[in-house]
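Take a look at the following structure, please.
Each chain carries a letter (A, B, C and D) given by its place in the written order, and its residues are counted from 1.
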Amino acid sequence: MTTTQVTLVQIDNYGPWTVTPEPRREMDLQTLQSRLFADIAQFVGHRDAYVFFTRFDNMIAVTNGVDDAAHAALQESIGNRYPVSISLGTAVAERPVDALTSANRRLQTEGSAQDEHRTEVLAGEYLAETTDTDLQIAHFDVVDVTGKYTDQINEFDTFINVERAYASLMHHLREAHGALSFFVGGDNIISVCPDLPERAFTDAVSHVESDVGVELQVGVGTGSSAHEAGFTAKHALEDCRRDGTSVELFGAPAIGD
Amino acid sequence: MTTTQVTLVQIDNYGPWTVTPEPRREMDLQTLQSRLFADIAQFVGHRDAYVFFTRFDNMIAVTNGVDDAAHAALQESIGNRYPVSISLGTAVAERPVDALTSANRRLQTEGSAQDEHRTEVLAGEYLAETTDTDLQIAHFDVVDVTGKYTDQINEFDTFINVERAYASLMHHLREAHGALSFFVGGDNIISVCPDLPERAFTDAVSHVESDVGVELQVGVGTGSSAHEAGFTAKHALEDCRRDGTSVELFGAPAIGD
Amino acid sequence: MTTTQVTLVQIDNYGPWTVTPEPRREMDLQTLQSRLFADIAQFVGHRDAYVFFTRFDNMIAVTNGVDDAAHAALQESIGNRYPVSISLGTAVAERPVDALTSANRRLQTEGSAQDEHRTEVLAGEYLAETTDTDLQIAHFDVVDVTGKYTDQINEFDTFINVERAYASLMHHLREAHGALSFFVGGDNIISVCPDLPERAFTDAVSHVESDVGVELQVGVGTGSSAHEAGFTAKHALEDCRRDGTSVELFGAPAIGD
Amino acid sequence: MTTTQVTLVQIDNYGPWTVTPEPRREMDLQTLQSRLFADIAQFVGHRDAYVFFTRFDNMIAVTNGVDDAAHAALQESIGNRYPVSISLGTAVAERPVDALTSANRRLQTEGSAQDEHRTEVLAGEYLAETTDTDLQIAHFDVVDVTGKYTDQINEFDTFINVERAYASLMHHLREAHGALSFFVGGDNIISVCPDLPERAFTDAVSHVESDVGVELQVGVGTGSSAHEAGFTAKHALEDCRRDGTSVELFGAPAIGD
């Protein structure tokens, strides 16, 4: 059984800030957002956690092993170095989506994301201990994306295909299992899952192929942290690439394509 | 009539690099990708151009007003500061998608994106002059996203709604008009369009609402650079917010909601 | 008695890299260096350690409380995100300069800083435990630098005065006590000291004033980490500013100006 | 005859900000300062200008070829992305120090660097045209710094030697010629000079050697921009390294060691 600690990172009152006193230059906003994400990725990454950019003004992190002091340190450091501040809500549940809902509610009950007086909320519960099966992470990519898409058609049409595969997968895994799936660039999608059997991944791959016609492959790993689970998933995905299989569970026998 | 200069930015041989000699830590890759994007956003932004992160390993830029020397300077600077290099293909056409296809082909004909010997390609044609109507940019967002979504449901489900609206819009505008639409964070989507009448935007908003049930509003601007067109679009969108209208063309009378 | 853990951070084979195949643009090198320093500052800072930019290609860090796994993680992350790699030598001693000499020797015995085959050395000893008196840090600044210099003369001449004060202080504290002093911007100098009595700081301030005619004030703190010692030093320096005293030891009675 | 355009970049009211409401973490300040410098280096660097970190809260830039619109764009972009803002004063003179004094006065007359109401000053005069001899830049380094220092003694003592050489050189060139010299990391010093003959550089090298016992070599270049002059200086310095000479003027016959 998984135990997922999820942190919602929300920029305080960001929307109004972007247009006050008048709209700010778009490339400055893009720079600010992506650097803020990069800084959070470094901070949590060195603690073996993951953060996903999601909508940039709201980011979702999987923070098993990161305690309240570290969350406070992150919040202070961002406040010291950016023109905006962040609120952090954290919660724990078996299913990722339930942890997120609970984490999210901790911010929502404090006020609106656009309430200028609701800043730097730090609210949450944190896991005291971790075990080797707390997290299950699946790393998907598109079979031969370079040969089939990148080198053949224009980048926007490639992107449309990747986006459609992502939309199909994120919706399926959310509805069927309460998993949270994130596009992480290129043709890569990382899903934070509850404890799912191999069949669930075979089904997901089939679902996407029949839904939008894009062929995925997936490596799955478990671990006590997002990095540990995600890293074994990456290695399992390498096995797919090498062996032509479509689903590989780290440590489990391969399933034929 | 629009004249759009599009640049495809492609990280050379990036996929293989991310797993050589073994998979690299995901948060390091996320940091690298988002900072690379931020640097390019600063570089082109100060020249009044726009770049969109798209898949991060491939980014699409609208570069009217940025000449070949500037493209060469960007390529050199990235090569000096990152462990990866970039190739740049640039082309000009009336419709954004045609410019991209042509820009993209300039890289594809030089070799595969994963050919380790095809690095730092710099190929393109650049506009010698600019005029005030070269670009048309539409800036969409979700009506009351904070009140309807962010403050009410969990962030992932909010994100699913925003993604669905984006997927619907990007596909519609691509197919109907050859426009390129990009999610830029929050609930914002920026579309680089050919010269479209008001009705095209009214139709797009209606299409998304009937397709996925998300209500959008949009400001539209024109200009000689992406910044100029995008900035007038932002101002027009502010008019939507203030007046409750769903489509505003900069300088044109408002269309009722 | 202090117990100082010092880490030497050395960019591998950096000099030759900066001119291969021909000299790289200076502003790209400056950007690379200062961002690398910033990343290391964030990494160690969140572990309550300090790093100083020193010569940028060689940086000196005070890393009490940072273990070998963290040093390895830093080295890997830099290697993943920069075109250069770093070597790290760490050692422990009562006097900061002795810890540095020992840390430095761990790299020197592995080969030259410009040996292209000597890369990513990770060698050191790390403190297993920390105590509240492990570190003593002094934070100096110039009395009324804005009123006397910044607002009066040109910035270069202000800088000459600050540099002269720094050169005088760094040399004095190095020779007299084996302390390591670093200019950290503005008019601020941070000295990592062995356990020194108040008189040593009074003498240092007098020495600089008689040597180069610049009036300093200093707050001194102790702690189990660089941040803890440095933070109490900052608070002590605030007392100097408020009370017009020239030396304040955290927790000790003030010394008259 | 040279024509040097110098810009003083000053963070507004920075000192008070760093301790309000209480002292901020030192590593956050270091990160902020060095990233701000890096961003300015990228901005001006792509316009063939140079900026030097100097005291970080005050930075000196050589901005021939960068007009008022570009200065305004830089100021706006920093204001959009940092928790602090910057003021910019620019002036032109034959001697670098005179240009700086004049640029500096433009800020000083507007109010104190610590006046909270004096923010985002943008004041200056900008060169309308550039010629090939506007700038003369000298690039110094220490002869065999790795063999004599880095690989032999501890880094702090190496740094003391480099600092002493820098202090001696900066003072000499400032007093003798009104040149501005900046340490740029490693063993490198860049001097922005008026039009000086070869003998001035021979004298400077001799002065430093007799004053502090450190042996320097120097390449000198001229150009219409800082990059152009600095780049030819770097190439000339490469000639020193290859030929064992101590002064090389780009395009001039070598002077014996």
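Keep this in mind: a residue touches a chain if its C-beta (ideal position, glycine included) is under 8 Å from a C-beta of that chain, and two chains touch if they have at least 3 such contacts.
Source: prediction; values computed, not measured.
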{"item": "Matching chain pair for A-B (criterion: over half of the contact pairs shared, by residue number), options C-D, B-C or A-C", "value": "C-D"}
{"item": "Maximum centroid distance from chain A, chain identifier (CA atoms)", "value": "D"}
{"item": "Euclidean distance of C-alpha centroids - chain B vs chain D, Å", "value": "37"}
{"item": "Mean-CA-position distance for chain D and chain C (Å)", "value": "22"}
{"item": "Chain centre separation in whole Å, for chain D relative to chain A (CA means)", "value": "43"}
{"item": "Contacts with 2+ other chains: residues of chain A", "value": "25, 28-29, 31, 35, 42, 45-46, 77"}
{"item": "Complex contacts: residues of chain B adjacent to chain D", "value": "39, 42-43, 45-46, 70, 73-74, 77"}
{"item": "Contact set on chain A toward chain B in their complex", "value": "8, 10, 14-15, 18-19, 22-23, 25-31, 33-35, 37-38, 41-42, 44-46, 50-51, 53-58, 60, 97, 100-101, 104, 108, 112-114, 146-147, 150-160, 162-164, 166-167, 170-171, 174, 180, 184-187, 190, 227, 230-231, 234-235, 238"}
{"item": "Complex interface listing, chain A residues touching chain D", "value": "24-25, 28-29, 31-32, 35, 76-77, 80-83"}
